[in-house]
Amino acid sequence: MSLPMRIVTRVGRTLLLMLFVAAGTILLVRFAPGYFADSREMDAKYAEAARSEIQAENSQQQSLSLIAIREVKGWIKGDFGESRQYHVPVAELIGARIRVSALLLAEGILYGWLIAICAALPVSSLRKGGLLFGLPFTILLAIPAAAMATACILAETGGPVLVLSLLISARDFKFLRSLLEGEWRSPHLLQGRAQGLSPLALVRMHILPSVVPQLRALATLSIVTALGALVPIEVIFTVPGVGQLAWSAVMNRDLPVLVAVSLLMASVVGFAGLLSTRTLTLEEA
Amino acid sequence: MYKLLRSSLMSAGLVVILTLSAPGQAAPRQPGELAWAIHYDPKTFDPAKVDEQESEFVRYLTGGVLLRINRQTQQLEPHLAESYQVSPQGTLIVFKLRSGLRFSDGTALTSGDVAWSLRRVLAPATQAVVAEEFLLPAEVTVDTPDALTVRVHLPKRIIGIGKIFDEIAIEPANRPSEGRVTSGPFTVTDYKRGQYVRLSRNPNYWRRDSSGAQLPYASGVRLDILNNREQEISLFLRGEYDLIDRLSPDYFSIVAQKSPQSVRDLGPSLNTEQLWFNEFPGAPLPEYEKAWFQNQSFRVAVSEAIHRSDLARIAYDGHATPAYSFISIANQLWYNHDLKYPHESTADANRMLAASGFHRSGNQLYDASGHPVKFSILTNSGNPARQKMAAMIQQDLAALGMQVTIVALDFPALIERLLHKQDYEACLLGLSDVEPDPSSEMNIWMSSSPNHQWNPSQKTPATPWEAEIDKEMQIQASSSLQHDRKVAVDRVQQIVADQQPFIYLLYPSALQAISPQLKGVQPAILSPGPFWNIEFIRRQGGAR
Amino acid sequence: MRTRIAAGILLALILGAGLVLWLMPYDYAFQDRDAIMAPATAQHWSGTDELGRDRTVRVSAALLIGLAGASAAAAITTMIAAGFGLVAAFSRPAIAAILMFLSDVFLSLPWLFLLMMARSLLPLTASPMQTAVTTFLVLAALGWPACARAIYRGAAALRSAEWMIQGYACGLKTRQLIRLHLVPHLRPLLLPQFIICVPAFIVAEANLGALGLGVGEPMPSWGAMMLELDNSALLARSHWVYLPIALLIVVLLLLESFTTEAETNV
């Protein structure tokens, strides 16, 4: 396939993905319990006002097609509609937060990978004691993100980047060690060691080139893991990013914001998939 | 191999470097600025459209009002109005403004601005929540005979009319500014969604202290938007926050340990925690279950079986008081001191159930038709004290042979089941920010109200006792004689204690943390709690 | 040898937990209200929790429920991921593209709302065990997409390996090749996925308690005990709150020693 054709296919795929995700999000959120509920209804002082607001909204939000039309209008206008909880354009809400989340994700994934690779390389080459040296990462897997965050707060050190990197490194370490152990045991590596090649040379010339496809696939997995961890970390540390906004949108059933966040998620997932696709395409070529 | 092992040290080194970053610091404080956390973004800064708590806090801090309730004495005090008079029939209120009043931008504040602000609140297009308190807002008129006099004409007497003006902020006529131009102690100067709201001192605020110094003392207030209790407490203990309003009971002891002079337990608040059963005849429940919940003996037996003192001691760590009425014992003016209520006794509860046709077989209670008594208690997630209470009630009712499941839902899902679908069996929730005057609970006690939780929106009262409650609540809402009102409210309290439509459990204590660096704080139970007299509060050595 | 030792220890833990539940005089729901957050005593070997319930009994019950539920869910989700990835790898490119597209859609959707719907479909009087089983099944059904793509890539890369071609040449069918040769080569992806899912599902089950799912009271939840670690007030009152996480680390180490042994035997 020619390059322009591949680009067109990739763009088309991403747009289709976003369409499906938007439709799915609208369906899920609209029919989830509590869509027409407002916590102010429980407050004797504000209940009446809340109820009138809900009734007014009800007439516009009952029909799926009306909701979908409003969403599409928002995309065309470029503001992605109006937030149900904040009554401001969704683009304004998200625009301010994308940079914060992108930075947090990038740092978390980068540091997580560095920690995992630097640990996995030597540990995977050991004949014995791998389990023991991998113990810190096993412990990290066991500790919930909220507990790590509390530990940071109590110790007055560390932060969201640390917690995200540790979460990612714990998962990546397991995969990397598993992958690299297999490589260390392959016959040509054993021969290389027997012939006196330095471990660093073996890693550079033999191991890394052969695990690159799996590394790309793991990169995809890392990005997806990081996306999943973003929400609890931003909420716990009160980071003003997309994850925090998404959580508030879930609790308030803010459909326009949720659609926009899902579209963002779809585009990141699509990009993450692109990473591993490219390698396969080269191999096939 | 050493080189490889070195890479593992690099890994550890990276962790150390990341560890050195700070977990979250509050924004730097400006000189003389007070700071604390609110839990959510205020939905609006327009004082006329306030309809939730965080916006209400901002309105309190920025909005100048004609009259203010002193949160300690509960008496009305003149603010922008130097004086006010209510006619004998209660249909005319005349306010006399202070002379020389100015907004924060220096423009004069006259009766025209007051009239405009009142009319805006009363206008249907504004949909101001406070307008409902005028009962017939469309028939209220306002006129201004001169620049310092405002006359408000009401279609009928409203009990406690003065307190309504505590919630109406006076804005410049035809120039609503969403808190940027105010007549209150502060103005909104900066807002970053999800981060903070910054308020600055109003240089033209009318009030001065006894020595003639202009108020407020503080140069500003920063309200950080923070929903993480651990972080809030950590920042408070580090001195970055000056107070914590609504400190939760499980953190009270931690703060008390680390900073004993900071914590305040003001005793029982006006809030309540209660359990109730779904008595709505149209609920999607089996008929035999509805029969249980509509049975007074069943409800009273449940009330008798619950060990309220254990709930207070364990779920609230001792920071709560057993409750038997919707009026808190802290509300000395309205509490019925002669109230007779069902006392804690599992034996009496068992006898009452037996007399009502229930019987035990092993550990299971059955009704007269042989149905095992099993039901669920719905509550909201994210409230640890309430979830502990639910688990304890589950055990208390197991002693009666009742099998209870606890279901904790997020608020929107809970409200849908509770208020929209009536699809629940029992519910455990609380009422917060309760006002002292019982009139504020009309829409809970009136049987026709959608907030009459156990059986809402009744066309006619379903039971004689609910009809009596309707009658007594109407009496207290319309009588101008305190004695008559008190008799009516006492009677309502007794009916509720006899019938147990709400099984009141606890009055949680008002817990606050106030930095020893603050001067002038007079903590109160009524919202906004520790900062109700914000003009007089300042940090030690850091005022003007 | 190591596998046998690990298996023995795991079995001992499980049997020990069972014995505790059988022999102790109180069940996991009993509240000793005069012994709230009590320290370890002869009566309560690891003290009591915030409601006076014996911690040893509750941790034992939580271990059995959590281990069974999370391991089963982790196994199911790994098998679904493997199946999905392998089908995609051995299908025509168009079908593989559709399957990967579906997995991306699945990854991007806010499934939390489906979980809310699942709770609303369950009767309110569903027992704690019923909600626990539902929760773990739903987690198993939702946890596979992230790994499926990695398995697809791994399998696709191995599809044209020399030993695969030789297998075909020897007359082996695709299914046989996948079962006998390909899956063992995918163990470096499958086994870590399983290990990672176990603690993730244990904690997820507790987090889903906010939506009315998870293990309901009074049944003890291992995840809920782990989440106590984020409460500094509790941490200050008792060191026994670390017991569940210590046990989880031990269990993970034991599971890991099975998996690393399995990889070595490829």
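Descriptive notes on the structure:
First chain written, first letter: the chains are A, B and C, and each begins at residue 1.
Methods note: a residue touches a chain if its C-beta (ideal position, glycine included) is under 8 Å from a C-beta of that chain, and two chains touch if they have at least 3 such contacts.
The shown structure was predicted, so the numbers you read here are calculated from the model rather than taken from an experiment.
Comparing the chain pairs A-B and B-C, the larger number of C-beta pairs in contact belongs to A-B. Relative to subunit A, the most remote chain by averaged C-alpha coordinates is B. One inter-chain figure worth recording: subunit A and subunit C are separated by 20 Å, centre to centre, where each centre is the mean of the chain's CA atoms. Subunit A and subunit B have centres, each the mean of its CA atoms, that are 38 Å apart. The geometric centre of subunit B is 41 Å away from that of subunit C, both derived from CA atoms. Shared interface positions of subunit C, defined as residues touching 2 or more other chains, are 116, 119-120, 230-232. Listed for subunit B are residues 230, 409-410, 413, each touching two or more other chains.
The set of subunit A residues that touch two or more partner chains comprises 32-34, 149-150, 153-154.
Taken in their complex, subunit C has these residues touching subunit B: 29, 31, 33, 36, 50-52, 116, 119-120, 124-128, 209-212, 216-218, 230-234, 236. Taken together, the subunit B residues at the contact with subunit A in this complex read 1, 3-5, 7-8, 10-11, 14-15, 18-24, 40-41, 43, 51-52, 127, 129, 132, 192-195, 225-228, 230-231, 234, 238, 409-420, 429, 431, 433, 440-441, 443-444, 450-451.
Against subunit A, in their complex, subunit C makes its touches with residues 97, 100-101, 104-105, 107-114, 116-117, 119-120, 145-147, 149-150, 153-154, 156-157, 187-189, 191-193, 195-196, 199, 203, 223, 226-227, 229-232, 235, 245, 248-249, 252-253, 256-257, 259-260, 263-264, 266.
Across the complex, subunit B is touched by residues 32-53, 85-87, 93, 96-97, 111, 114-119, 121-123, 125, 133, 149-150, 152-154, 156-162, 165-166, 169, 198-200, 203, 235-238, 240, 244-245, 248, 251-253 of subunit A.
Residue ranges of subunit B in contact with subunit C, taken from their complex: 230, 233, 250-251, 253-254, 257, 307, 310, 313-314, 374-376, 378, 381-382, 387-388, 390-392, 394-395, 398, 405-410, 413, 423-425.
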